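You will see chain A twice below: alongside chain B first, and alongside chain C after that.
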Partner chain A sequence: MLQPLAQNIIYGILIGALYGLAAVGLSLVFGVSKFLNVSHGELLMLGGYASFWVFKLLKIDPFLSIPLTIIFLLLIGFIFYRLIFSRLIKLEVEKKIQNSLLVGFGLSTILQNVALRLWTADDRSITTAYSGLSFELAGLRLPAVRLISLAISVVALISLQIFLKKTFTGKAIRATVEDWQSASLMGINIHRVYLLAFVIGCALAGVAGTLVSICYSIDPSMGLNWTLKSMVVMVLGGLGSMIGTFVGGIILGVTESATAFFIGGNYRLIAGLLLFLIILIFRPQGLFGTKEGDR
Partner chain B sequence: MKKNLSFVIALVVTAALAAVPLFVKKDSLLTYLCMILLYVSLASSWNILGGYTGQVNLGHSAFFGLGAIATRLLWFAGWNILLAMLVGGLLAIAFALLIGSPAFKLRGAYFTIGTLALGQILYATVGNLFPQISSMPVQDLISYTLVTRYYLFLAVALITVLAATLVANSRWGLGMMAVREQEDAAESLGVNAFQHKLLALVLSAFLAGLAGGAFAFFQIGYYPQYPFSPIWTLDSTMMAYIGGTGTILGPIIGAIFFVVLKEVLSLNLAEFHPTVFGILFILVVLFLPGGFMGLWKRIKDKQQKKRESMAELSHP
Partner chain C sequence: MLKLTEIDTFYGDLQALWGISLEVREGEMVSLIGPNGAGKTTTLQSITGLLRPAKGSITFDGHDLLKVPPDKIVDLGVSMVMEGGRVFAGMTVLENLELGAYGSRARKERFETMEHVFKTFPRLKERLNQRAGTLSGGERQMLAIGRAMMSKPKLLMLDEPSFGLAPILVDAIFEMVKGINKQGVTILLVEQNVRAALELADRAYVIENGRIVGEGSGEALLSYESVRSAYLG
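After this line comes the complex of A and B, so read on.
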């Protein structure tokens, strides 16, 4: 009983890291520009397919192709921002969230449809020579690819944190999160910051997508659930806290795997969403976030 | 005068729709009309909460699905279909009341994502509880007539549009629109925002539940999970937006446009229907907040202005 439970929780932590990574991108974009991009899950899907095809056609190792995925998603993010999201900048906050959400839905419908037509509804996953490798620790199995993915997620998170804390551009982004009007008065180009945050968010989704296609599987209709998971994690972690968001991801992962263990695998998604609703209603600022008013 | 005119037009359209089965004998065309009527019901019922009250509900499929599942089960158990549909609508109301008070604690976008999560919870749960396909029993299949289904869809669509019209033109409707424009200002003028939102939600849920019931009576075989799919919500939302939210005609036009476009595209681009519709939806949200109805109003206003300035010129 205890052994399988521990194994389950480890799996939960490993997938939770990916939830965290996916959510950090969504949270960054939302924090900076108040765009709630619900096509985030579809961007993740695109990242997954990009690595899948690069691996399949060019035989490039998926972990090594991550920089390519990043470039691809930066480009896609740039196009979407220029074509669509940049037109929402001038709206007041409430309207901005609402409309970005609606536009995001239109976008996710399109991306899902296109992916379905181009790549069929089949589940795809990347199987490398080392996919089956795993370590044993105190009788618990630790699959190698998932461990590497955990490491990459942590590295991505730390680099983002360093970028935001240490560099000039990163500080400009954080200033915009705190108070865009003052930031703008200090000479920060808000539009640039919005664009930058948006494309970084897309790139993070892309990396997460690659890792998902290596450790689990991808299909054209995966987007909505990943968006929902990212939103769950975002409210769990509270806005503006990258570490909180990452921890939120792990909490969601463990909650899901505990649900799968005690109730049944089919109820993983439901447990996460219930958690989401409860937090949304009782603690809208999230578990690690600060109270409203300083946003 | 204008009110009388639209009343007469509505009456004529209703009579024409009621007479359709007398002339149209082709099943494919009748099915096509059934789909239009179903989408009119869905988009119009969504519009009561989303358009008039401004609460963008992304869990609409939950009400549609609840109506469908209750109706299907009771109808197969030997109930009269109308009674079964009524129970389906009431089940949707019960769910609306259950979620109403926590959901409306959330404002704006939080309400929207909250309802999205609710819809997905129901979708997944029903999929877990009823994994088997639901097929019509043989005796029902033998007595299956499309005309009955058509009239049922017509009745639901008429009830929905009528209910929306009555509410929109009442005191309650004004209150809902006030809540949509500025919730705090409406409250300060003595409009109980929560009550208005709840009424809109309950009405919207009931009508969507009826539409679900009609769907359960129409569709021969489907997975019970299917009516709960987020696709229904998205389609309703997009139709209402493209036609024009917060108007009676908007969702109707949106629904007709949706089905007709699907048919037109089926000639060579059938598989990309969602893409085309998604692009249109984005364009409407970005550039044409009032949808087709808003565009129409803008054109009319411009002509009116032109006429006024012409009149000024001729009578200096």
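After this line comes the complex of A and C, so read on.
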């Protein structure tokens, strides 16, 4: 009983790190520009396919191709922002959230169908020479690719954190999150900050997508599921705390796998959404977020 | 140094400023007084680029401010402290000050400027690594002014620096503003505390319903009958 449970929880942590990574991107974009980008999951899907094809056609190891995925998604993000999202920035906060939902929804439908057309509905995953490798620790199985993915997620998170805390540009992003008018008076070009946060969010989704294509599988319709998970985690962790969001991802992963273990695999989605509701009712600022008034 | 000519500014469809003209000369301390909703804050925001006038012109040191993007205006030497200070509460005092020197001109000299700011506001040095949200009201206002000083402004605009502060702090803040003016920084002060604003200022403008209705030296306005009855009781 204990052994399989522990094994399940480990799997929960490993997938939870990917939830966290995906959600950090969504949360960053939402925090800075108040765009709720519901096509975030599709960006993840694009990242996954990018690595898949780079591996298939160019035989480049998926972990090593992550910089390529990042560049690809920075570009995609730049195009989407300039073409679509930049038109929403002048709106009031509420209108911004509503309109970005609509725009994101349209974008996600388009991207799904384009992916379906180009790459068929088949599930794909990247199988490398070391894909089956795993470590044993106290009778528990630790798949190598998922461990590496966990490590990469943590590195991505720490890099983001250092960027936000230590660089002038990162501080400008945090200042804009707090008070864009004040930030503007400091001489910060807030439109550039919005753009920058958006493309970083896209790049994080792309990295998560690559890791998903290595550890699990990708298909054109995977996006919605990942968007939902990211939103649940964003609320769970609380806005404004990147590490909180990441931990929120792990909590969701563990909750899901514990539910699957105790109740049944079909209930894992429900468990996540239930957790979401409970948090919204009892701690709307999230587990690690601060109330507006506290600041 | 700063010259506004016949500017009209709107909030959406609502016209807030009607042909405002005013001038601030180098080294001066000028006050802008008037009742709530008269357009004082709107005037300052029109200068900093947070709002854009529909008509008229604003020039600063020969630059047409209406053609300068908002994030470059501070680089020209115009800095504004908004009402309530609006410090970045989740960031430390140090980070707030650093962001004050975000512009390329000020950034290079930020360490020296910071030492200079500490001379005016020694309290900030003690609180350097504290989150700005944990500061008292007076300390926040000092941080807001210190942060604005970090951009090495030629013109410092202050929107209600006394707002919400205890009387003893109000005097202290005004003393500091006076000190900053003495160092050669031109000041445009918006205040509800009319007596103090007029006593401090070289000149003042009275604004009502989005229009300039009076202008003169601080002393002259203090003795001006309609100002006395309207604001000083």
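Just so it is clear, the second predicted complex is superposed on the first by the 292 of 295 C-alpha atoms of A that agree within 3 Å, B and C clash if a C-alpha of one lies under 4 Å from a C-alpha of the other, contacts with A are read in each partner's own complex, and residues count from 1 in each chain.
To be clear about the criterion, a contact is a pair of C-beta atoms (placed from the backbone, for glycine too) under 8 Å apart; a residue touches a chain by one contact, two chains touch by 3 or more.
Just so we're clear, the structure is a prediction, and the values are computed from it rather than from any experiment.
Asker: Here chain A is shared; do chain B and chain C fit on it together or clash?
Answerer: fit
Asker: In the superposed model, which partner reaches more residues of chain A, chain B or chain C?
Answerer: B
Asker: With both complexes superposed on chain A, which partner does A:I9 reach: first (chain B), second (chain C), both or neither?
Answerer: In the superposition, A:I9 contacts neither chain B nor chain C.
Asker: Looking at the overlay, what does A:V114 touch: chain B (first), chain C (second), both, or neither?
Answerer: A:V114 sits against chain B, while chain C stays out of touch.
Asker: Once chain A of both complexes is superposed, is A:L68 in touch with chain B (first), chain C (second), both, or neither?
Answerer: neither
Asker: With the two complexes superposed on chain A, say which partner A:I97 touches: chain B (first), chain C (second), both, or neither.
Answerer: A:I97 sits against chain B, while chain C stays out of touch.
Asker: Who does A:R174 touch here: chain B (first), chain C (second), both, or neither?
Answerer: second
Asker: After superposition on the shared chain, which partner residues are touched by A:V154: those of chain B (first), chain C (second), both, or neither?
Answerer: Neither partner.
Asker: In the combined three-chain arrangement, what's the angle at chain A toward chain B and chain C (CA centres, steps of 10°)?
Answerer: 90
Asker: Once the two complexes are aligned on their shared chain, state how close chain B comes to chain C by Cα atoms, in whole Å.
Answerer: So the smallest C-alpha to C-alpha spacing between these two chains is 16 Å.
Asker: Is there a shared patch on chain A that both chain B and chain C touch, and which residues make it up?
Answerer: none
Asker: Going by the contact rule at the top, pick out the chain A residues touching chain B in the complex.
Answerer: The contact residues of chain A facing chain B are 36, 84, 87-88, 94, 97-99, 101-103, 105-107, 109-110, 112-114, 117, 224-225, 228, 231-232, 264, 266-267, 269-270, 273-274, 276-277, 280-281, 284.
Asker: Can you list the residues on chain A that touch chain C in the complex?
Answerer: Per the touch definition, chain A meets chain C at residues 168, 171-172, 174-175, 178-179, 181-190, 240, 290, 294-295.
Asker: Looking at the complex, which residues from chain C come into contact with chain A?
Answerer: 48-50, 69-75, 79-80, 82, 86-91, 95, 98-100, 102-103, 107, 133, 147, 151
Asker: In the complex of these two chains, what residues of chain B are touching chain A?
Answerer: Against chain A, the touching part of chain B is residues 56, 58, 102, 105-106, 108-110, 112-114, 116-118, 120-121, 124-125, 127-128, 230, 234, 237-238, 241, 271-275, 277-279, 281-282, 285-286.
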